[in-house]
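Each of the two complexes below includes chain A, the first together with chain B, the second together with chain C.
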Partner chain A sequence: MRLAWVKNHPTSPTEFYPGLASEWEVSDDNLELTVTIHPDATWSDGTPVTAEDVVVSSNIAYTRGSGAFILDPGAAGAASDIEVVDDKTIQFTQDPENPTREFVNGIMNMTIVPAHVYGDLLPADFEQTLEAARGDDDAADDAREAVAEAGEAVVGFAPEEDISAGPYVLERINPSEALLVRNEHFHNDHLVAPDQVIVRSYDGNEQVWDYLRAGELDSSHFVAVPADVVQQIEAVPGNEASRTYSPVVAGLAFNQSYEPFDDIHVRRALAFALDREQVVNIASPDGGVAATTTSGMHQEVLDAWVGGAAGDLEPFAYDLDRAAEELEAAGMTQEDGRWIQANGEPFEVPIQVVSGFSDWIAAGENMATQLNEFGIDSEILTAPDFTVYQEEMAAGAYPVGFWLIGLGPSPYNIYQRLYGQSNGWQVLAGQLSYSEPGEDGNWKGGPETYEVEGHGTVNPGELAHELRTADEARTNEIMTILAQTTNEHLPVVQMWDYVNTQFSNNTRFITDPPDDARRVTGVTSLAGIWIQQGWVTAVE
Partner chain B sequence: MTSSSMVDVTTKGPSMRRNFWRGVWRVMKRKPSRLFGALLMALFVFMATIGPMLYSRPLPRDPNNFFASPSLRHPFGTDFQGTDVLSLVVIGSRYVLLTALITAVVTIVLGASIGLFAGYRRGRMDAVLMRITDINLTIPGIPILLVLSTVWQFASPWEMGLVLGLLGWGALARAVRSQTLSLRERGFIEAARGLGLSTPHIVFRELLPPIAPYIAMNLLMSMILAVWAQVGLFFLGVMPVIGENWGVMLNRAVFDFGAMTTAARLPYMLAPLLALMLLTVAIVLVVDAMDEIFNPRLREE
Partner chain C sequence: MIWVVLTFTFVIISIMPGDPVRAMYEQLIQQGYSPQQAESETALLHRFRPTGNIAEQYVEYIGSLLRFDLGQSMYTRVDVGDVLLDAAKWTVIPVLLGTILSFGLGVFIGVYAAIKRSSKLGDALTMSGSLLRGIPDFVIGLTLAAIFATLWPVLPRAGAVDIRYEPGFNLDYIFSLGYHAILPVATYTISAYGGFILAMKSSVVTVLGDDFILAAELRGMKRSIIFRYIARNAILPLFTVFALSIAAVFSGAIFIERIFNYPGLGMLLINSIGRRDITVMAGALLLITIAVIIANIVADMFYSVIDPRIRRAGERV
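Presenting the complex of A and B:
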């Protein structure tokens, strides 16, 4: 269980559904978080959940360096103090040197484990080591190493019996499925409808399609499903599809170290030359919606952040005449129907995709086809897997490739995808620094500053970094400038906004969570959250 | 391939040639399936040479009509973006056949010459060449191709054909060597040696002609192997899945487009499969005919 489940609200990062915490209070300066554990919260062996469990869980989180539990000097959004107020109340304080808006998320997202099971795994002097690790001298370095080493014991530990404070305990598990049975000690047990849950494992999307077509799943997460398979799934009695906002956008990104992609006219030409509706229709009709413009963020949150200024953005609607004008502005000419660069070489656009990513492959191939039809030599190239793709991309091996952007909901995360490390800006020891194209993972290779209409010289990396700490009004201002910068200078062309398609079957249980509970991230089973909140009800 | 028997290998004349073609026709007529095979083969050769030129590039397509069912206009339906599948099969045939031809030629040239020389010269040369052959036979082809695919995209049939050929000549070299070992003890070779003819003369003018039919049949059989090997490599995704060839189509069909789960997408997979099957049948039937044409014992029945 976690203290709470982050709603991933499009514009407000600190909204939660309750988990083990029943109440939480954030101070006005965002530096202090006071969490109260539900008075009835109890482990499945009958032991009450206490502040001690939260402290032990925080210590374990420190060994992994996750969420707000980071010890590196200068790390932003780190917890500097954890204080037990009483048996059910804990206060977390954020390091005032480098505060962020995500601090509260980092705490609430922590997994809480029982202290009476996990408490002995860490050395007795762990608290002292932790204290020593907060400095920035050599002794602190050693202490940080000791903290990380202490984590090895936790990783290697497997309790004999599953002790849970959630709605279910694990009864048994094998490689293909796990059986969970009701935990009668769960504090919200009265909201839990199913007595047992079987969680199925799968190796490929097709397996999930088969389960769904057989009507065997009461609920499934997002999987990429072709349109005709969706039809088959929806034809099964009881099956229902839910399509909600998913804070992910597919973009076509450029490495501006490669000519002619450093020329804004060339990037604009490509934006005009690609019919995004056709791409989505062919590649991912059920999992995406063609992007209405390029802003760097999902259409769903564009108005919320940018407001009226959204209408001023160039939509880059499919227009081959304007594409041709842009190419001519870039000094290219058309000979025998093919576009030739000023240096006499044919204009070539290699589009990099990943083997096995069916929607990217189909989209990439369709884009290549469209460009060829327009007179630009284009073909797709496949990387063997996503790890290789990311490595090679970071190493600057690809002139053009797919790149997920708009990974919200937090504004900081949204623009990190465009103006973070991949474009030269990174945080070292709390300070933002800029690396030249080709260095330190800067593969996009855009300039450090842009001239943006109405805003003068803009350093997008600095603005994106400021989003960590900016208040609401400033955040809106920054988001507007960055959306406009992205729209004018096109480090990527936004292709489609993802749609979160999830399936359920209402023959036995009605699954009806609110939309924001459908996009909680980083959890193994969303249905587990829905069940404990009472959004899964039995059919009478 | 003017020779029809071992005795008059060097006799060439209009009447011999006429007799030869008459023999070919007789063999073809005896089993109509052979005629069918030859026609099919001709069709594939036409498809790979002239076929791609018949289509304007980029291929016409209708983006609103993707994965269309087979019709008169699109005998194998359309692909994921509305391109006629038949045109993709035709265009893809060039890579497949050209690769197969290059593979076969490389296999034959290396396999036959190494086998002939090793078998004829015996001794140290034989030992060295056969050890090289042994090494070639033990090279694990798939892992090598896996490694090479990280360096090369294999976009050109020349790369693919060369690699497959270089990996696959070992077996033929062994077979040709054993044939040569038996031939070199025959009288006509001994006579040639007695006359003091040079080794290249004996190998190419005396030994090669009687083995030529055997090699020619091997050429066709190794084309089958090459076709399946390259298509298999692309299908399995060992090679980068790009370019215009049947293996890429099959890979896409199965792994990206759900041909195994969705009936509407099946034609896209069946079209290259059918082409592969027909090509194999064509080669097998032609080999069957060649076998009888060149093997005097079968012919003189």
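Presenting the complex of A and C:
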């Protein structure tokens, strides 16, 4: 059970739905967070949830280095102090050296475990080790290693019975399913409709489609579903689909170490030559919306941050004449209907996709067809699985390939994806550095700085890094500059914004969460959150 | 032989591309986790990756196996031995059941097809064996799944048992086990059945032409006694086919379990490859390979035990 669930608001990272925390207060300077545990919060064995549980959970979080619980010197958004105010109240203080807006998010997202079950797993002197680990000398390095090692005992620990402060307790589990039964000690038990929940594992989207077509699921989280299967699913009595914002964008990324993709005219030509509407209609008609432009952001986030200025961005609407002009500007000529580079070689665009990613494969095939019809030799190449794809892409093996971007709504996350390690910028000990293309994971191979109209020389990596600590006004300014930089220089061509399509069946239960509760991320099952908030009700 | 398998397994896993931490991180990103959430989830995996150069890893690997220590899963931190044991029962029992069923069916129908080899029914039975022998087991599995789990959903397509039933010796639980096993077992049965029919028919036809059968007929022995002579002599080669079929079906379980999301060794291997859970991958690969080798060895040994002619020939040498 978590303290709270992050709403993923497009511009505000500090909005939550309550979990174990009933109240939270953030100081004006964003350096202090005071959390109050729900007065009736109780573990399933009848033990009250207290501040001690939160402290033990924070210590365990330090062993993983997760959220705000980071011990690396210079780490941004790290908690520097945790103080128990009373039995139900805890105050967290952010390190003032490198504060971030996501600090609160990193605390509230924390999973709380029972101190009377997990407390003894950490060494008795763990608090002292933590204190020693906050330095930057050799002793601190040793202490950090000791903290991380302490985490191994936690990971290897399996309590004999599940002790939960949430709406359910795990009754039994097998490799395919888990049975959860009502926790009558849950503080909001009166809001919980189902007495039991069966959670099914799945091994591929097709299996979820089968469950949905058979009407076997009361709720399903997002899976990519082709249009014909959506129709079959919606034809089942009681089945309903909801569609909402998903903070993910599919982009066609370039490795600019390969010629001619280092030429902006070539990248612009490809942006004009691809009919994104057609691509999406074929590849993911129900799970995506064709990108209106390339900004590095989902359209909804772009509107929220950049507002009216978004209209000034080049939309790269499908236009083969402009595509031809750009290729000619890149020194290419057309012979017998095929585009030839200045060096006499035919212009070839290999599009890398991944086996099993049906939407990427269908999109890649359509894009290759469109490019071939335009006179550019293009084909799709398929990596055997996503792990290999990631490794080979990071090693610079692919000139062109699909890449997820716009991982919002956090501004830092969005542009870190475009102007982070994959493009040469990385943070070590809190310091930003740049590596040349081909080094330290820089596979996109873009330049360190760009000339951007109206903004002069822009270092996008520095600006993206600054987003972590910038206040709202500065964040707004940076988002506008980076959207324009991305639009002018196209490290990727934005193909489609994902749509979060979720299914439920209202035969037995009505599932009706508010729209922003469908956007919560980082959880195995959104339905679990909706149930405990009272948004899943039994049919009378 | 086992050492060769161990080394081969190690080499395959060592040269397999893909970083498990990166794989899990990107899978979480695909599922909508924020980069921070994904980093948090994958943070601990860094500590469980193999360290040292390839030679050191090999020595460590062989040393661990000599101590019967298969290590722990990178993801669940459960001992790989326990993970394999838990998965093995979901492979061994259905595979054995399917192979025994197909053996029984194949022997019975094979004898009938041989005796009636000049009739249309005999031809039809032989043809059914030839056809099924040529169809890959995963095609049979997919076809059964499409018919009985999707088009006409009367059988479950996923899982081994309904979680609502208390595990133990009770009717609900046992019925649920059987109900979930129908499609995988039927796939194993159908995929091996063709081979048994053809082998049995061929063997019976050969035996029918032997002098001792002619002598028995000339001596006026009863048909039932002659049939026993035929069956006992004709079935001998089938035991070898049976053991080899177990090996083939066992390796084919990788595809069948994937189709029915059945939690056996094949499914475990596929999942561990997808996640690059190196220790589980090594354990599952090793166990499946050793099981196939052992089945082949048993087939060889079993044949000499049950056929006195082979044993005596060996003694003369």
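General observations
FYI, the second predicted complex is superposed on the first by the 540 of 540 C-alpha atoms of A that agree within 3 Å, B and C clash if a C-alpha of one lies under 4 Å from a C-alpha of the other, contacts with A are read in each partner's own complex, and residues count from 1 in each chain.
The working rule: contacts are C-beta pairs under 8 Å (C-beta built on N, C-alpha and C of every residue); 3 or more make two chains touch, one makes a residue touch a chain.
Please read all numbers here as calculations on a predicted model, not as lab measurements.
Once chain A of one complex is fitted onto chain A of the other, the partner contacts of A:228 are limited to chain B, with no touch recorded for chain C.
Of the two partner chains placed by superposition, only chain B is touched by A:380; chain C is not. Of the two partner chains, chain C is the only one touched by A:416; chain B is not. In the superposition on chain A, contact is made by A:202 with chain C only, not with chain B. The larger set of touched chain A residues comes from C, when the choice is between chain B and chain C.
Within the superposed three-chain model, A:64 lies in touch with chain C and out of touch with chain B [touch as defined at top]. With both structures placed on the common chain, the touch criterion links A:239 to neither chain B nor chain C. Across the superposed pair, chain B and chain C both touch chain A at residues 210.
Every residue of chain A that touches chain B in the complex is listed here, in rising order: 206, 209-210, 226, 228-229, 232, 275, 278, 281-282, 355-356, 358, 361-362, 365-366, 369, 372-373, 379-382, 384. Of all residues in chain A, those touching chain C in their complex are 64-67, 102, 105-106, 109, 148, 151-152, 155-156, 172-179, 196, 198, 200-203, 207, 210-211, 213-214, 222, 246-248, 385-388, 390-392, 394, 404, 407, 410, 413, 416-417, 500, 521-522.
Contact residues of chain B toward chain A in the complex are 57-58, 61, 63, 66-67, 80-81, 83, 150, 153, 237, 240-242, 252, 255-258, 260-262, 264-265. Of all the residues in chain C, the ones that touch chain A in their complex are 17-20, 22-23, 26-27, 29-37, 39-41, 43-44, 47, 72, 77, 86-87, 90, 149-150, 153, 157-164, 166-167, 258, 261, 263, 267, 270-271, 273-274, 276.
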